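Below are the structure tokens for one structure; questions will follow.
All chains are identified by letter, namely A, B, C and D, in their written order; residue positions are counted from 1 within each chain.
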Amino acid sequence: MLNSNPNKRKIINDPIYGFVTLPDELIFDLINHPFFQRLRRIKQLGMTNLVYPGALHTRFQHTIGAMHLMIEAIKALQSKGIEITAEEAQAANVAILLHDIGHGPFSHALEHTIVHGINHEDISALLMNRLNKEFKGKLDLAIAVFNNRYKKKFLHQLVSSQLDMDRLDYLKRDSFFTGVSEGVVSSDRIIKMLNVVNDQLVIEEKGIYSIEKFIIARRLMYWQVYLHKTVLVAENMLVNVLTRAKELADKKVDLFCSPALHEFLYKRYTKKLFEKEPAVLDLFAQLDDYDIFGAIKVWAKHEDVILSTLCENLIERKLYKIEIQNEAFEKKYIAGIKKIVQQKLGLNEEEIKYFVFDNSVSNEIYNVSKIGINILFRNGKIKDISAASDQLNVEVLNKTVKKYFLCYPKGL
Amino acid sequence: MLNSNPNKRKIINDPIYGFVTLPDELIFDLINHPFFQRLRRIKQLGMTNLVYPGALHTRFQHTIGAMHLMIEAIKALQSKGIEITAEEAQAANVAILLHDIGHGPFSHALEHTIVHGINHEDISALLMNRLNKEFKGKLDLAIAVFNNRYKKKFLHQLVSSQLDMDRLDYLKRDSFFTGVSEGVVSSDRIIKMLNVVNDQLVIEEKGIYSIEKFIIARRLMYWQVYLHKTVLVAENMLVNVLTRAKELADKKVDLFCSPALHEFLYKRYTKKLFEKEPAVLDLFAQLDDYDIFGAIKVWAKHEDVILSTLCENLIERKLYKIEIQNEAFEKKYIAGIKKIVQQKLGLNEEEIKYFVFDNSVSNEIYNVSKIGINILFRNGKIKDISAASDQLNVEVLNKTVKKYFLCYPKGL
Amino acid sequence: MLNSNPNKRKIINDPIYGFVTLPDELIFDLINHPFFQRLRRIKQLGMTNLVYPGALHTRFQHTIGAMHLMIEAIKALQSKGIEITAEEAQAANVAILLHDIGHGPFSHALEHTIVHGINHEDISALLMNRLNKEFKGKLDLAIAVFNNRYKKKFLHQLVSSQLDMDRLDYLKRDSFFTGVSEGVVSSDRIIKMLNVVNDQLVIEEKGIYSIEKFIIARRLMYWQVYLHKTVLVAENMLVNVLTRAKELADKKVDLFCSPALHEFLYKRYTKKLFEKEPAVLDLFAQLDDYDIFGAIKVWAKHEDVILSTLCENLIERKLYKIEIQNEAFEKKYIAGIKKIVQQKLGLNEEEIKYFVFDNSVSNEIYNVSKIGINILFRNGKIKDISAASDQLNVEVLNKTVKKYFLCYPKGL
Amino acid sequence: MLNSNPNKRKIINDPIYGFVTLPDELIFDLINHPFFQRLRRIKQLGMTNLVYPGALHTRFQHTIGAMHLMIEAIKALQSKGIEITAEEAQAANVAILLHDIGHGPFSHALEHTIVHGINHEDISALLMNRLNKEFKGKLDLAIAVFNNRYKKKFLHQLVSSQLDMDRLDYLKRDSFFTGVSEGVVSSDRIIKMLNVVNDQLVIEEKGIYSIEKFIIARRLMYWQVYLHKTVLVAENMLVNVLTRAKELADKKVDLFCSPALHEFLYKRYTKKLFEKEPAVLDLFAQLDDYDIFGAIKVWAKHEDVILSTLCENLIERKLYKIEIQNEAFEKKYIAGIKKIVQQKLGLNEEEIKYFVFDNSVSNEIYNVSKIGINILFRNGKIKDISAASDQLNVEVLNKTVKKYFLCYPKGL
């Protein structure tokens, strides 16, 4: 990975890009910081490996990859005469490198169960500020770019927009590791088409089909991977595990935990506390996949039958059945299934929610009201992709697709 | 390529699928027939290599590849309990193997200039019948499948429909050899999703996003490769070369030609003659890229300045400038350019058409009125992809995109 | 993935082979057994991800992949007229599927520290027998093939020899996930060249260069990945962590542990106990990467400074410096370094071994005395690859390459 | 391909590297020169496509690719502090771009039959000088580098040595288009390991296994592709065709030819004439695959039975049987076969040589006496790879492998 001689060239091996060369010492030092090294132990796609066994890649790999694309994008823009100073380039690199720094393990499940009242964006901000102090203000510009407070707005768009380096990397990477080859986007081709007009990131006209492809590929990855029905089952089962554990912890029931997980399970840290007490942030930064899954493995033998059943199901991949449809399920239908499960498993009214549950997911393909993807035509005009494409029309693009699902144990 | 011992296993190396195993002796013998070997000398993408230098692959490679996918598709369907006998499987394999047998070199350019009144579909039919005679009726079933006269209609759909093995292979192959990685379709995934209901080829519901991707990829390949503006220039310049040559031949001007090309250039063979005289078909089957380009190279030194200029431009890749737009060009604008070119090159009214010309291309993404791509839902219902997809809607899909272009020498 | 409907087709997504189709119900049931599901939580390459961040793939993925190659190899042999019955094919599939079942987390480090007197081969045998009982003798034939007690010896060679499906898959897979593209072997081509003569697995003559390439690729992977110097550092640091933990546990010092790890850390289970007490085997089968790394993360804050320092170094990737050479290091040189480190870190004679240590690794490319790779010549003769290749000569091949290394903290 | 606006960025699509960016105007102008555009019509691997149908790539593609690697290599060296000025970089780029400029169609076959007394190296030199005149001396430095007359010898080594950019590209490219995946070399990894010590190109120690792999991959490509027995048959059959044609031409028999081919077939141009008469060089520069194969197609109907039989065999891929062995064939054995063929085909003593012929091929893996591949050890020492590798030993490496073959019509 990092070259053994830290004073010389630093290269990280990446199965997607071959080699990623770290551009400078600041980046090198940030990557070696424990806050960042911790991302090596947080899977990018949570429980998805239960469906796509290859999907074990981490947030560490993704952010390094996104930074690599940023470096390429900046080179491409500079070659077209767009002025980007060395400081600005570094700021953009650091901003993309740290954009996911606040993610905890199984982030979405964690946020709705154990870590309350603060989300990963808030924590990212806190961690960036902390790092900035440690690095004596060297991250000032990066933070300004990240928060879109820097004058050159296109730099922020490279970090965070509907066509940012984050998305380009994660689609490519998730496609590679899951084996869903159709999610592949041609980051090379898209980056070669980037340009800047009036401080707006634009794509040159002939890149229009690549952008359509990118939008469709993203949509495909959503339904085929991110919102794959078996993934939904696994993630919702994980939420139930953590909810039950929290419930038991609130009742002072003893649960095997790493010290860091113990803190968050048995206490309640508010956003205010996170902001006030640096120690809370340090505690959070100790959490990773090992804390969560290490506990679940042990809980599978816990005397609380609900907790142990849920955990065992997850560990042994005995996943629930899922029904999925475009309309909400009828209450009566759900009640019927609950009744059957309740009787079969001998559960009370309160407990059934862990075994039979309904929920919904939705996915916007492209949001016309957000900062869009701009196409630069040869005549100098700029249009949003939703207007520029003769295939993707606004109404369709804007439509949020919502699906309802209902889960319950197999073999009823 | 073909295993040195013809009595044993026959394997063809293919950079895309690795190895293609020939399933039986009939296929082996057909591939070794001169009519088929000739496809080794006909590029799949004509002049496209002037834009994408890797695009030198031939119709030989493509048809072998399409047959490979047919073999896989049949296996996949059989594994789902769809009855396909050994004879039917062979018929489908032969049908796809021969589907392009009637293509001449630079097929579209040739058909509009030198070979009149008969198209490659007609010639395919004639060649299949000829081969059927030589093979003593062994192709009867294959021809029935090809012409959609066989009772199991889904076999024809595998050969020719909006989701046939032809399209799956050519998108994949053209993408591979041009390097336009975004054209890649996941033939594996699509084939695994195939099924047959009521003698209709269908795609199982969870393949819906792969089909959307396939439609978008095809569209992308159209605009990025098949109708790439520089490809349009080159192909239209080739049409002009052949038109001029024909014009000169009609005036009995002497032109360097292979004997086969000489026949078609100096005589006029009607469809009726093709049908009546087997020798005409044999003559046609001698034509390949070498006849056309071998002549053009020599014509670049011909005393007819128009012919030699056009040929030299093509050989040395001095391609014309192209303007492209969504509306027809104004007559006045074209006349203006013609005037400039006429003066500059010293041409008369008649000759200017070879140097300044306008035309249009259009592309349908998906034709709702043809045999569509059917999606099989879990509840047993079947819907056309245009109705099943929440992204691709009928109106947009059906809209034929038409573009107008105008070409003239660079550097005016 | 496992298809949601277990009664129909079962397909596992694999980024290398696309889709792996499970051939029958027995395989399906074995894969769903907790003993096998546990392999999802054991990384194939242990600590290698500290050097190659992509190397997070698991023994689960590898064994599924090796089975896929077995299925292909059996098909290839059958197509050449080698008789392999359906029962034998299943036995070979099961044998390769279970060949690594006895591996614990960070197997080599664990065996030399916490789990004593029994190695993963012994445990594999015990687990196979246990599974055979549960599956009512259905694994009899597979176990016979695995132990080379079945009459058709070539089946065992497919499972375990110098050219087995295990090696073909792991070279390919480790190459894919590390990104060391040079380790790629053409499993397709090698499998197509397989044959059987006199009950011996052979490679047909024209596969000779592919075999040379395979041997060189394996060698490259050894030095570039498996024995990469930074990987050696990390794995030896892990051994030190576990050794120290065991030392403390022997002294009854309290250490955070999962219950399963606690058993092995604080007690001593002999091979005899493993054989006698099924519960011990069950305990072992609860161990995976989460137990080990979950503990190490907590130990990084332990009051034993040696343990906590070692653990922190590993977690934050502060890896030691390594010197590597062809001869053993001089005692004086080692003593000199030990002295410096001792003073700097304030350690006693006993403790220094955790921070300064030397060791050696060796690698045989190919062992001529073991069951070799046989080349079948066109004239029917068979020669060992070491005799058949004009490049790889016996002496060189047989030579064991041994390298000595010395590790100590950076920045002395 | 070349960007439509020549005044802006110039990018060539390449399926291997994605995009190749042309570094400057001189390179752009050279590529657009008819001498260079002609390489678009000369296949890199001659007749190999009869065995590997994908092998239709051209010398145009290869030289563009080799230049791309040169650009990368120069960047890598500069990043390590090796001084390479902009002029030197351009010279190296031009030198590699033009290194194959003198190749004719089916170069080796042509040189031994139709174009006598001058080889492609001589013609390259003549063409470079001609271009240098046209470009007013701008190629002086490039020619000096090419001829190893420039002071910085390592630049020449990048162009021509046992580890030059030529070999890196052709192994990679030939592997890609044939589908022989084992020929893949990791040009990325090798280029990252390049360095210069005492004006010698060296590979850093940790690249040693990549170099072994490169040498073995090259060897594999030799036997699997370049000297594949069916390729040998086809190329020798082509030599026979051209030899017979020349024989007939010498007797003033009329043969269909392009004007350029006519010149070389019916006249005899000495090296001296090439040097003296610029028109001869121009004539040669008109030859490409179309002249040769276009003629052969017509000759297949020639009244000379020998010529027409040979040509038809080639066109319809009726290739001869080949026997191959390590020792020369016994005269008696050859005579026996000749007798049978003579009788069967009714040939005289003189004619039999076209149908039964023996020859030999040999392949050096690595030549220790030429400029070798130098490995730079961490201690600063440099050793030749043959001394540095514990696998590849000098004797074995140096051994020239010679194989004898005998060809005759199938089905005797």
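For this structure, a couple of remarks:
The rule we apply is simple: a contact is a pair of C-beta atoms (placed from the backbone, for glycine too) under 8 Å apart; a residue touches a chain by one contact, two chains touch by 3 or more.
All of these numbers come straight from a predicted model, not from anything done at the bench.
For chain pairs A-D and C-D, the one joined by more C-beta pairs in contact is C-D.
Most remote chain with respect to chain C, judged by CA-atom centres, is B. Between the Cα centres of chain A and chain C there is a gap of 32 Å.
Here the CA centre of chain C is 43 Å from the CA centre of chain D.
Note: centroid distance chain A to chain D, computed from Cα atoms, is 50 Å. Across the assembly, chain D contributes 18, 180-181, 189 as residues in contact with two or more other chains. Chain B meets chain D in the complex at residues 1-2, 4, 12-16, 18, 32, 34, 37, 40-41, 49-54, 56-58, 60-61, 64, 176-181, 229-230, 256, 258-259, 286, 288, 290-291, 293-294, 297-298, 301, 315-317, 321-322. In the complex of the two chains, the chain D residues touching chain C come out as 180-182, 184-186, 189, 209-210, 212-213, 216-217, 219-220, 223-224, 365, 390-393, 396, 399, 401.
Of all the residues in chain D, the ones that touch chain A in their complex are 9, 11, 18-19, 79-80, 188-189, 192.
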